[in-house]
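Two complexes are shown next, each including chain A; its partner changes from chain B in the first to chain C in the second.
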Partner chain A sequence: MKKRGIGVGCMFYGIGNTGMPNPAGAFLDLTDDGTVLVLTGCADIGQGSSTVLAQIAAGELGVNIEDVLVVAGDTGVSPDAGATSASRQTYISGNAVLLAARQAKEVLLEEAAGIMAAAASDLCLRDGHVWRAGEKTPLTVKEVLAACRKKGKLTLGSGWFNPETTGMDETGRGAPYATYSYATQVAEIEVDTETGKVSVLRLVAAHDVGRAINPKSVEGQIEGGCLMGIGYALLEEVKLTEGRIGNPRYAEYLLPMSLDVPEIHAIIVEEPEITGPFGAKGVGEPALIPTAAAIANAVADALGVRFYDLPITPEKILAALSAKGDGSARMGEIT
Partner chain B sequence: MNRRGSGCLKDGPGVIGRNCRRVDGIAKVKGSAFFAADRKIDGMLLARVLRSRVPHAVLNKIDARSALEVPGVVAVYTASDIPGENRVGIIVKDEPVLVDDRIRRVGDALALVVAESEEALAAALPAIKVWYEELPGIFSPAQAMAGGAPAIHGQGNIQSVTRIVKGDADSALKEARVVISRRYTTQMVEHAYLEPEAGLAAVEDGQVTIWASTQNPHYDRREVARVLGIGQNRVRVVQAPTGGGFGGKLDISVQCLLGLAAWKSGRPVRMVYSREESMEFSPKRHPCVIDYTSACDGDGRLLAVKVKIVGDTGAYASYGPATLKRAAVHASGPYQVPNVFIEAYCVYTNNPTAGAMRGFGVPQVAFAHESQMDLLAGALGLDPFTIRLRNCFQPGSATATGQRLIQSVGIGQTIEQARAGAVQLGVLGGKR
Partner chain C sequence: MKPFRFTATINGRPVDLPVNPHRRLLDVIRDDLGLTGTKEGCGEGECGACTVLLNGRPVNACLVLAPEAAGCEITTIEGVAPEGGLHPIQEAFLEAGAVQCGYCTPGMILAAKALLDKDLSPTDQAIKTAVSGNLCRCTGYIKIIEAVRLAAAKLSGEGDAV
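== the complex of A and B ==
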């Protein structure tokens, strides 16, 4: 018999390291041909930080992302950006890159103000042009760069950002994070009471990320996180005997596979963070956090039996149904 | 056509909030990205680690003479070859690069073999003789915390304790309409990134460069410099394209060993973990035991939570103290709770090291606090969404640590929108 259940999971997550300084720095060089070279210590490990940092630099300088080259994670050329962890790089390295871009932009705007006999504060950069009081002018960023070079002016920037936090005292009081991300996920599952197998049918995942710099990238994080959460809830377990791992191969360590992927409906909620780059916070870890909780609650909803021990395997489900006196499970045990 | 065009945006009003193509997308899709294991330098050697097969022992002696006679073997390095400090760790420097006194887990690195070929490495590893005296192992935090348990690191097995106290939880429990106490247990899990740990090191002009699969190249630089006993001006770490990390590539894996091998041998050296090596010896997600008591009034408003979290950090601290601290800060969930008593213990055992993994202690406590919310709702006949909306943070709310949340507090929005999304899809509706 198949039983359907629905469960909810909520979470909050502090962005950055807990109650300690964790700064990031960035350098930026706007070269003669309009290339924006961003030097960052931020390691892109597949999560997409180099793309997001390129967007932030391009956004601040009003140019194409195609004009940006991000050189990341080389201690020979880039400043320290701390770890790619704690869902911190969009917020912290994003701010560092934003500040570096702003510094280079100020050189450009000052030069443009001279050319146009205008106040720098009336000018901004957008679409590769200088804009004045909200109107596009014919003066391009490249022309301003050429004017700078003629005078021997380089257009460089550096920036660093450290989130505003406090340590925690002995009773735990403090403000350990500068900002928090939030999420709610709803899981719809089905339990086969004969085999004990749980199938996750649909997940609705609503995440407050402040501002999505790249919505597709945010969705990708949410989908990957949901999958990891399904593994955590139902399948994955490193089995130990006296400190030895008994299943160090993918043949024995069960991960969610493509056939375990449910419909995932990602909903991006944007409550802008005033200290974030263009309002952004982080999503890397939040993506996974509520999934197992939502699935566990959905299993309880389906069966009327709650599990307190992860992962919720078919063996545990059959044993619990048997103890509860569910007919279909018990039949298998009467031998 | 000039790729740069006029510098004008091709579509959309701005680059922020746009689905720009990933800057590394083409190389990853076409398989042309140059991962550490793909890199070669002329004259490059290969390296492999001899690891402990016992969880707890005193190391007496390593004899590598027979291994050095294997054709193609260039060197075997042990702890005494390390010129600088033989301890690494992001928070506590408690893990040897190569064991010098005591084995604390299965998989501790004992010796590093450097050779011309994989065949030579395979023949050399079993030829190394190791003498050790096995010690009784500690395989659970309960055992480790018990009075009289031998200390794995010489100063007691409780690595760290985080306490968060707000209001008076015990008094609040007495006045509550519903009190629910449960024990939750969570398992150890593996990150399972696609690319196992890998790196390549070379020395040129007195400077060692290490290309590695890593989440934190600047930390790697600090540790390599300390271990080699040289300044950071002589170490360059370049993050190679990294095939996933999820926290598992925050600790040192190949970096210091490769630095040592290249530094001592004067030749480029590459090391790539096999899948089994990666799964057996990389840090894992902390298994936790969570004792959770929640109390609410007749409307389902939370009055108090009491939580005790015990996390097994295994043989070395790694990110354990920070993971348990974060678990404590987040243990009461995204809810306003006036009275809180939370304790989180990070405990050494002789199990595999647990370190950072995506979520950092919070998936564990979220399983517990969200189960508790449903149990409270069930006791009062409330809908799971209603009880959450009634308790969730609002602008102006204070967290368990007393932090006032001023702006960008989207939890209520996510509850509403997740519910609306579920109704729209037909996930919710008929049933409730």
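== the complex of A and C ==
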């Protein structure tokens, strides 16, 4: 028989390292031809941080993203940005790049103010132009840059950001993170009571990311996290015997593959974080955190049996069902 | 072991080089020919990162011995794009956001190409099956499946225009 169930998982997640300083730095230079060079220690491992940092620099300087060149994770030239972990780079390196861009922008605005006989505070940069009191002027950022160079003025910036945290006291109290991400996921599953196989039919994943600097890569991370969460819930188990991994290959350690993909609806919830760059927080790890809980709850909904031990394999399901069938187990007792 | 003369066509070009017969096609491609777009993930036929086309069929280059590929037409990721441009499948992967770390991407694109060379209106199930030998740990496959769908539309659109 096939039984269906629906389950919900919720989470909150602290962005950055726990109760420890974890700063990131960035250098920025506008070169003669208008290229914005960003140096950052932030390693892009596929989550798209280099793109996001380029967007942040471009956004602050009012230029096209195509004009930004990010040199990332080269310890020979870039300042330290800490690890790409803890869902921290958009928030922390993003702030560092934002501050570096702001510093360079101040030089440009001061120069533009001189050219236009205006107050720098009335000016801003957008679409490659200088704007005055909300109106686009014909003066371009590149012209301002050329005017700076003519006088021998360089347009450099550096910035660093360390989220405000405290350590935790002996009772575990403190403010270990400067900001948190929140998420809720709902799973719809089907269990085949004959084989014990659980199929995930649909996942809805709503994630508060502060502000999505790059919505497509946020979606990509949510979808990737959901699938990794399916693996965590149903397939993946490192089998250790006396410190040795007993299943070190893909043939034995099962990852979700394309045929395991359910419908996934990624919902981006935007609640701007005041301390984040353009309001952004992080999404990397949160994407994976509630999935297994939602699936386990859905399995409990379908079968009336609760599992406390991952992965929920067909063997465990069948054992639980037969235990339930002979009345020897009550809900909550089977692991 | 005595080398043998390995001749084949790789990405439309003839190659002719001495190869030890116990070497894998993957080693010939990556180490002897320097075509490092083909990746090695597991080396045992599980991940698909090493996918290349052998006479149009996707194979795991880590499971093919060099002598088995002799005389064949081999396509690696380097041979997919036209000079100075991108193949519609590659464009579709970019547009759909189907590339994250990129390690699975060359294999995914070749697996997709093998499908689309035969079928320009695949169902989602056919797409999932076509890339089922290619593991991706980043994307959750959603955008990869979307990209193959998009590529099919691009390719059949081009076909209509001709």
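Assorted remarks:
The rule we apply is simple: the second predicted complex is superposed on the first by the 325 of 335 C-alpha atoms of A that agree within 3 Å, B and C clash if a C-alpha of one lies under 4 Å from a C-alpha of the other, contacts with A are read in each partner's own complex, and residues count from 1 in each chain.
Criterion: a contact is a pair of C-beta atoms (placed from the backbone, for glycine too) under 8 Å apart; a residue touches a chain by one contact, two chains touch by 3 or more.
If you're wondering where the values come from, they're calculated on a predicted model, not measured in any experiment.
In the superposition on chain A, no contact is made by A:E315 with either chain B or chain C. When the two complexes are overlaid on their common chain A, residue A:E135 makes contact with neither chain B nor chain C.
Contacts of A:C10 after superposition: chain B is touched, whereas chain C is not reached.
In the superposed model, A:I45 makes contact with both chain B and chain C. Shared-chain residue A:I213: touches chain B; no touch with chain C.
In the superposed model, A:E223 makes contact with chain C only, not with chain B.
Touch criterion met: A:V269 reaches chain B, while chain C stays clear of it. By the touch criterion stated above, A:I245 is placed in contact with chain B alone, chain C being left untouched. Once the two complexes are laid over each other on the shared chain, residue contacts for A:G82 go to chain B alone; chain C is not touched. Put simply, more of the residues of chain A are touched by B, taking chain B and chain C as the two choices.
Residue overlap on chain A between its contacts with chain B in one complex and with chain C in the other: 45-46, 48, 216-217, 225, 228, 249-250, 255. Within the complex, the chain A residues that touch chain C are 45-48, 216-217, 219-228, 249-251, 255, 257-259, 261, 264. Here chain B touches chain A in the complex through residues 3-10, 14-24, 28, 55-56, 105-106, 137, 139, 162-166, 182-190, 192, 209, 214-221, 232, 235-239, 242-247, 249-250, 275-276, 279-280, 284, 322, 325-326, 328-330, 333-334, 342, 349-352, 356, 358-360, 362-363, 366-367, 369-371, 373-375, 384-385, 388, 392-393, 400-405, 407-411, 413-415, 417-419, 421-422, 425, 427-428, 431-432, going by the rule given at the top.
Residues of chain C touching chain A in their complex: 42, 44, 46-47, 97, 99-103, 127-129, 131-132, 134-145.
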